[in-house]
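Okay, so here's the structure we're looking at.
By letter and in written order, the chains are A, B, C and D; residue numbering begins at 1 in each of them.
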Amino acid sequence: GGTTKDSAENNSGSNSGSKATANPNAPIKEGLKLAFLPKQINNPYSTIVNRSGIEAAKEFKGEAKEVGPSDASASSQVSYINTLVQQGHDAILIAANDPNAVCGPLNQARSRDIKIVAYDSDTDKSCRDIFINQASSEEIGRSQVKLLSDQIGGQGEIAILSATANATNQNTWIEFMKDELKKPEYSGMKLVKVAYGDDDDQKSFQQTQGLLQAYPNLKGIISPTTVGIAAAARYISSSEYKGKVVVTGLGTPNQMRKFVKDGTVAEFALWNPEDLGYLASYAAAALSSGQITGAEGEKFKAGRLGERTIGTDGEVILGPPFTFDKDNIDDFDF
Amino acid sequence: MTTLTSAPPAKKAPKAEGGLLDLVLRARELSILGALVVLVAVTAIVNPRFLSAQGVEDIFLNASILVLLAVGQTLVVITRNIDLSVGSVVGLVAFTTGKYVSGDDRSVVMAILIGLAIGALCGLVNGLLVSFCGVPALVVTLGTLYVIQGIGYYIAQGDQINAADVPQSLLDLGSGGVLGVPYLPLIAVLVMAAVGYYLRAYPSGREFYAIGSSPEAARLAGVPIRRRVLTAYVVSGLLAGLAGVLWLARFGTVVADAAGGWELKVVSAVVVGGVAIVGGVGSVYGAALGALLLTTIGSVLVVLKVNSFWQDALTGLLLLLAISVDRLLALRMNRVLRKRSAHHGS
Amino acid sequence: MSGPTPVLALVDVSKSFGAVRALKGVRLELYAGEVHALAGENGAGKSTLVKTFAGVHRPDGGRILLGGEPVVFNSPADAQSAGVAVIYQEPTLFPDLSVAENIFMGRQPRGALGRIDRSAMHAKAAGLFERLGVPMDPRRPARGLSIADQQVVEIAKAISRDAKVLIMDEPTAALTGQETARLFSVVEALREQGCALLFISHRLEEIFELCQRVTTLRDGQWIASETLEGLTPDDLVTRMVGRELDELYPKQDVEPGEVALKVSRLTREGVFTDVSFEVRRGEIVALAGLVGAGRSEVARAIFGIDRRDAGSVEVDGRPLKAASPTGAMAAGLALVPEDRRQQGLVMEMSIERNMGLTRLRALSRGPLISRAAERANAADWAVRLQLKYARAGDAVGVLSGGNQQKVVLAKWLATEPSVLIVDEPTRGIDVGTKAEVHRLLSELAAGGLAVLMISSDLPEVIGMADRVLVMHEGRITAEIPREQATEESVMSAATGRYGKEAA
Amino acid sequence: MALKTDGALGRFVRWDVLVTALLIAVFLGGSGMNPDFANTGNLSFALGDLGEIALIALPMTLLVVCGEVDLSVASVLGLASALTGSLWNAGWAFETIVPVVLVVGLVCGLINGLLVTKLGLPSLAVTIGTLTLYRGLAYVVLGTEAVSQFPQQYADLAVSNVPGTPIPYPVALFAVLAVATALLLHATGLGRSLFAIGSSEEAAFFAGVRVKRIKLLLFVAAGVISAFAGIVFTLRYGSARADNGMGLELTVIASVLLGGVDFDGGKGTLGGVIAGVLLIGVLRNLLMLDDVSTEIQAIVTGLLLIVSVLTPRLTAVVREARARRRVPV
C-alpha cells in the first residue's frame, strides 16, 4: 500500500500496535469475542476452517461466531466488517476477497482496538496484525508443480484450472508455479493455459472439457482450488481421458476420496483446514490478551498445535501442505 | 343502403402469404439453427476433436440441463409471465436430494421423486401467487428466487455433497446412457418433444399462446387463464426439480448455490430461441436450440483457445449477434411480404 | 306480456361503476326468431347491458332469466355454455394467432386422441368467411388486420358458435355496405332458424331494415320497448335523445383559401402508389374508398407515422421532412386515427392527461406542467363536446366507445392545427354527437381549417365534403366536386369502374 | 384490460405508501431494539453502502416506467471500475480519467439504447447480452489485477460525510439527483410522456411523443450514472476490480419493484422507489447487526418483495369480491 488513504491511516494504526509492548506471559483473557469473516459462507472449505476455529475459542473460554456474505465479493465483506465494528468485538478473523478493499474498515476497527487476524487469504499487510498462512504461498506453488511433474515424468503440456480470476491467493500460487516451471528439471513441461472455473462446478467442468479438446496432448491439470479439482476429476473420471490425463491440486479428502479410489487422481495436496482455523483462533486470542503484538519473532501457545513463532511481515505459517493418496486418504474425514 | 357498397378489395393471395408467413415465424428457429451450424462448423475446422464422439457427447450433456429449464421457462413466458426462481430451485433440489441419497444408500427412484416434488411445490407457490393473487410475475419470482435460495443455504449450512456420498446408480444417470446415447440429452429431448407437441396439437396447449397473446381476449373467449398459468408454473418447477436431480447426477459434488445466477442464463436461452418475452410467440424447440447455442458458445471459446478474459465478452457479443440477426431477418421478411402484397394489389 | 317465454331476459337490472350508474333498472326480453334492436346515445348503457348478458359484468341488482329460469353468469365462459354468443363493440383478437384459431379457440375441431384437426379447422373458417362474403386467409395471423377485418373475424367467431342467443354490439360500425349486406342475410338465416338476436347500431336505417322490436335506453334508464312497425326514425331519435334532433351534415359554404396541404406523388410500396392532391383552407376534402383501399395508410404516411418511399408533402407551402409525427404536428398537422384503442388513446391514462398529451409544452409553466392548466383544458373541451364522464381523473378506458372517440377529437382539436386529418371521425358515434361532430368540423373549416376526412359512411362523405377523392387499390381513381358527388359516382370510382387515371 | 389506473389504484392501499410506512416502522423498531443501529456511525455506513444502488435506481425507475429495463447497469459499473483502475495504473491524471470513464458509460448506454430503439429488440434480451459483454470487457481491460492507491482527496470524497451530518457525499449527491428526477417524472411533460409510452407506446407515438429519442436518452442516462457509480464504488473501497458490483442489477431492480413501480410500465412513483431502496438497505443493516444469518436475510428480502406486491393486490381482490367480481373491459 503506497499513498492511499488506507495506508496513510493504518501506518498510524500499526505504530500504535507496535508501541504497545507484548507481554508473553499475560494470561489469555476469558470471554473474548471473536468473529470469523470468510470469503464466502456456504463454502465447504471455509466452513471446516471456521467450525474448528469456533471450537478452539471454547477451549480458552471465548465466544466466536461466523458471519459473511453469500457471494465472494470484497464489497459485501466490507459491510460485514462495519457491522462487526458496530457490535464491538475483540478480534476479527478475515479471509480477504480483496487485499485493499477491506483495508479502510479494518483500520477503523483497529483504531477501536479490535485486533485483525487475516487467514487463508491475506489483506494488505498494513491493515492486519498477523496473517495465518496455511503454508507458505511459495511452498504451495512449487510443491504443486513437483507433485504433477512426478506423476507425468516431467514431460508434456500442462494447464491450470483456477478459481475466479481475481482470487488473490490463487494468483500468488500461480505466479510461483510459473516461476518453478522455469527451473531446468521442468524444461520438459509446458504450461499452455490458465483457465478460470470461478469456483463454480458447472463452469469448472466445462472449462476442463474445453482444455482437453483444445490441447489434445495435455498431460496434466493443476487445480489449486477445491471446487475446481473436484469438477476436473469428476469429468475425467467419466470420460475417455481417464488414465490419460493427470489431475492434481488442492482438495479436501472427502471431496476427492471417490476419484482417488477409482484411480482418476493419484495424489493431491492440502493443509489441514481444521488446524488453520484452530491456529487463527489462538492467534487472535493471544493478540487480544496482549501476549503478542504481531511483531516478528514473538511467540505464542496455540493449544494442541504447540508454540508458534511470528515470522516476517507478521506471518505465521501453519506448516507444509500434506499430500493425500489412496493409502492415507481414509485416515481423514473433512 | 347508405354506406359505401361494393366488392371487397382483392386481398393478398392467401397461399403465398400463408407460406411466407409460416416461413417468417419459423425463421426465428431457422436463424438460430443456422448460427449453431456455422459456429460448430468453424470450430470443427479449427479443431476436429470438437466433433469427436466425446466432444459431441459433451456438448449435448452440457446443454441438456439448460434445455430442460428452457422448456419450462418457455411455457411460462408464452403466457406473458416469467419465472426467475428456477436457478434457486435447481440448487435447492440438487442439495436436498443429495443429502437424501448420501449416507446409507437410498433408492434413486425415491430421490428423483423427492426432487420433482420439491420442484413442483416451488412452482405451485409461484403459480398460486401469480395466477390467483394476480401479482406481477417478475416481482414474485424474484422474491421466491431469494427465498428458495435462502432455504437452500439454510438446509446446507455450508456443507457439501461429495461424489463419494452419491450412489453410483445415480451418478450413472449423469454419465451413462443406453446404446451410446447418454441419458441426459435423451431425457431433455423427450421432455422437449412432449411439451412441444402438446403446445401445438392440443386445444388446451393453444390456450397458453392465447393467454400470452391477449389476456383480455382470452378471458372473453372463456379460456381458464388461472388454471393454465398455474400449470405453466408447476411444469416449470417440475422441470427445475428434474434438472436439480440431474445436476446432482452429473456433477456429483454439489453446494447449496449450485446453478446460482442461472435464471438469467435460462431467460437468455429462451429469448435467443425466439420466444417473445411479451408472450404469445415462440416454441420450445426454439428455446431448446437457444440453450444449445449458449452452451456451445461456452465450450467453443475454450476449444478455440480464446483468451480467458475475452470469453465473457465474446459470449455476450455472440448473444447480441444472435438476437439481432434474428430480428433483422424478421424485419426483412415483413418488407418482402409488403412488396408481395403490392404485386397482388395493383 | 303473455305469449311465449323469452329465451333470455333482463329484469330490473342495475349496474354502476363507482360513481357512474350505467344501468338503472333496465328490462329487456329476447324472443326466439326475432331480431331485437337496442338504441341509445353514446354512454346510454348499451355495451354495459351486453356485457351483463355476456357474464363480463355481474349486475348489482336485478336478475337474468334464461328460458324463464333465473341464472347467474360468473364469467363469459358461463354465458357461452348457456348458449349466448356475443360480438363485442371493440374487437378483441389474439394478434399472434391465426385467424382460424382466433375463431375456434377452445373449441377447435378434434381429431384422433383429442388432437386439433387443423385442416378441418381451416376448412370451417373458410366456410364462415364464405357465408360472410369476405375472402380472408384463415392461416393469416390476426395482427395487421384492419378494424373492419377484425370485426369480420369477431362476427365469424360468434356465428360459429351456433348459439341460441346472438348479441351484436355495433358489428357494422366498421363494415362497408357489402359486408353489412352479407351480415344481414346471415342474421336473417339465423333468425329463421329460431335464434334470438340483439342488435346495436348507431345507423338507424340498419335498425329499421333488420329488426322487429326495439328497446331504447337513455342515461342507463329504460325508455321503451316496442315493435318497429309504425315507428319513424324521428320517433326513435326523440326517444334516444329526449329532444328533437337538429339537421345532420350542416355544411356551410366557405370560399376556399390558399393551399394548406399539398401531397404530390406520395408512394408507399405495397400499400398505395402515386397519390397527389391538395386541400385548401376552409375546405373539407373527403377520402372515400373501400376497406383496404389504403386511405388510412395515406393519412399515416402524411402524418409521418409510416415511412414514405417516394413523394413529398407540403404544409402551408413548407415541405414536410422525414417521417415524424412530432414534425408533422409542429407544421400544423393533426391526425385523428382510425383505431382509438390502440392509436387514439392511452387507455390506462386519465381523461385529462390524454387530452393534454398533445400539447404538453403549451400546458407547461416553465419546465413544469401546470395541473391547473391541464384540468382547465380538459374541462373546456369536455363541455364543448358534451363528454359524458364521471371524473376527469378516471381512466379514459372506462368511457363508452363514443365518448372515447370524443376525447380523441378533443385532444387533437386542442392543438389548433391548420390541417386536420380525421380517419372515420364518427365511427361508433350516436346520431346526436354525429351532428355535433359534423357541425364542429364545418365550423372549424369555416374558421379557415383545412380538413381531410376519411370515411366509409357515404352520406357523411356526400354531405360534408367540398370535394371527394376516391381511392381504389392504393391509387386515387377520381376527384369529384361537391355538386357531382352522388352515391353512384363515388361508388363506381371506388370500385375502379369509373375513372380517367385508373390503375 | 384490467384497469388499474391512478384513479382506481387510489382506492386501494398504494404500494409506495405501504412501503414508506414499512420503512418508518422498521426504522423505529430497529432503533428501539438494537442500540448499535440508530447511532450516526452505523447509519452513515448503512447509507454509504446504498450509494451506488440508490444512484442507479433513479434512471432504472424512469426506464421501467416507460416499459423498458436495463440489466447491464452492474456490468457497466464493473467496466467503469476496471477502466478507472487500468488508466490510473497507466499513470493518467484522475481528473482526466473521470470524464473518459463517463464517456465510456455513455457509449455503453448508447449501445443498449440503439439496439432497443433501432432494431426494436426487447430490452430484457438486449441487456442480458450486454450484461455479459460489458462484464467481459471489464476483465479484458483489467484482467486479474486489483488496483488501489487512488488519490487521497477523491477517496475521502467517496467515504467521508457532509460536515455535521451522518450523510456521506455520494448519498448527498443522490438526494439532489433524486429530487430532480422526481420533478422530471411527476411534474414535467417528459414525465407525462414516459407514463404514456409505458402504458401504450403506439398511442404515445401517434400523439407526437418522441418515443425512440426518449428511450435512447434514458438508456444513455442509465449508462452514464452507472459509470459514475462505478467510480464512486472504486473510490469507496479503494480498489478497482473487474468483478466489482457483480450481481448488483438484481438488487437495484428489486428495490425499484419494491418501490411499487409496475414492471409492465406506465405506473409508479419515485418516492416509492426511494423508500424501497432505503428499506432494503436499512433492513439488511439491521439483520446483520442482529447476527441474522445470510440465508435468513435472503429469505426476508424475498418475502418482503412478495408481501409488498401481495398486500395491495389482496385488498384489491377483496374489494373486487365485494363489488361482485366485475371485470372492466
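Assume contacts are C-beta pairs under 8 Å (C-beta built on N, C-alpha and C of every residue); 3 or more make two chains touch, one makes a residue touch a chain.
Keep in mind the model is a prediction, meaning the values are calculated, not measured.
Peer 1: Where each step is a move between two chains that touch, what is the least number of such steps from chain B to chain D?
Peer 2: 1
Peer 1: Name the chain pair with more contacting C-beta pairs, choosing from C-D and B-C.
Peer 2: It is B-C, judged by the count of C-beta pairs in contact.
Peer 1: Of the other chains, whose C-alpha centre is the longest way from the centre of chain C?
Peer 2: A
Peer 1: So, what's the distance in Å between the C-alpha centres of chain C and chain A?
Peer 2: Centre-to-centre distance between chain A and chain C: 74 Å.
Peer 1: Using CA atom averages as chain centres, what separation in Å is found between chain C and chain D?
Peer 2: One centre to the other, that is 43 Å.
Peer 1: Return the distance between the CA-based centres of chain A and chain B, expressed in whole Å.
Peer 2: Chain centres of chain A and chain B, defined by C-alpha means, are spaced 38 Å apart.
Peer 1: Find every residue in chain B that makes contact with two or more other chains and list them.
Peer 2: Chain B, residues with two or more chain partners: 149, 153, 216, 219-220, 276, 309.
Peer 1: Could you check chain D for residues that touch two or more other chains and list them?
Peer 2: If we look for residues of chain D contacting two or more partner chains, we find 1, 139, 143, 247, 293-295, 298, 327, 329.
Peer 1: Send over the residues of chain A in touch with two or more other chains.
Peer 2: Residue numbers touching two or more other chains: 41-42, 70, 165.
Peer 1: For this entry, which pairs of chains touch?
Peer 2: A-B, A-D, B-C, B-D, C-D
Peer 1: Mind pulling up the chain D residues that touch chain C in the complex?
Peer 2: Residues 1, 3-8, 183, 187-189, 191-193, 195-196, 199-200, 202-210, 266-267, 324-329 of chain D touch chain C in their complex.
Peer 1: For the complex, which residues does chain B have touching chain D?
Peer 2: Touching chain D from chain B are residues 129, 133-136, 138-140, 142-154, 216, 219-220, 261, 264, 267-268, 271-272, 276-278, 309-317, 319-320, 323-324, 327-328, 331.
Peer 1: Note which residues of chain D are touching chain A in the complex, please.
Peer 2: Interface residues on the chain D side: 36, 39, 41-42, 45, 49, 139, 143-144, 146, 148-150, 152, 155-156, 159, 233, 237-239, 241-247, 284-285, 288-289, 291, 293-295, 298.
Peer 1: Which stretch or stretches of chain A touch chain D in the complex?
Peer 2: Those residues of chain A that touch chain D are 1-8, 41-42, 65, 67-71, 73-75, 78-80, 82-83, 86-87, 98-101, 103-104, 124, 164-166, 168, 171.
Peer 1: Spell out the residues on chain C that touch chain D in their complex, using ranges where they run on.
Peer 2: Spelled out, the residues of chain C in touch with chain D are 17, 51, 56-58, 60, 74, 88, 90, 92, 305, 324-326, 328-329, 335, 337, 342-350, 353, 356-358, 360-361, 363-364, 367-369, 391, 393-395, 397-398, 411.
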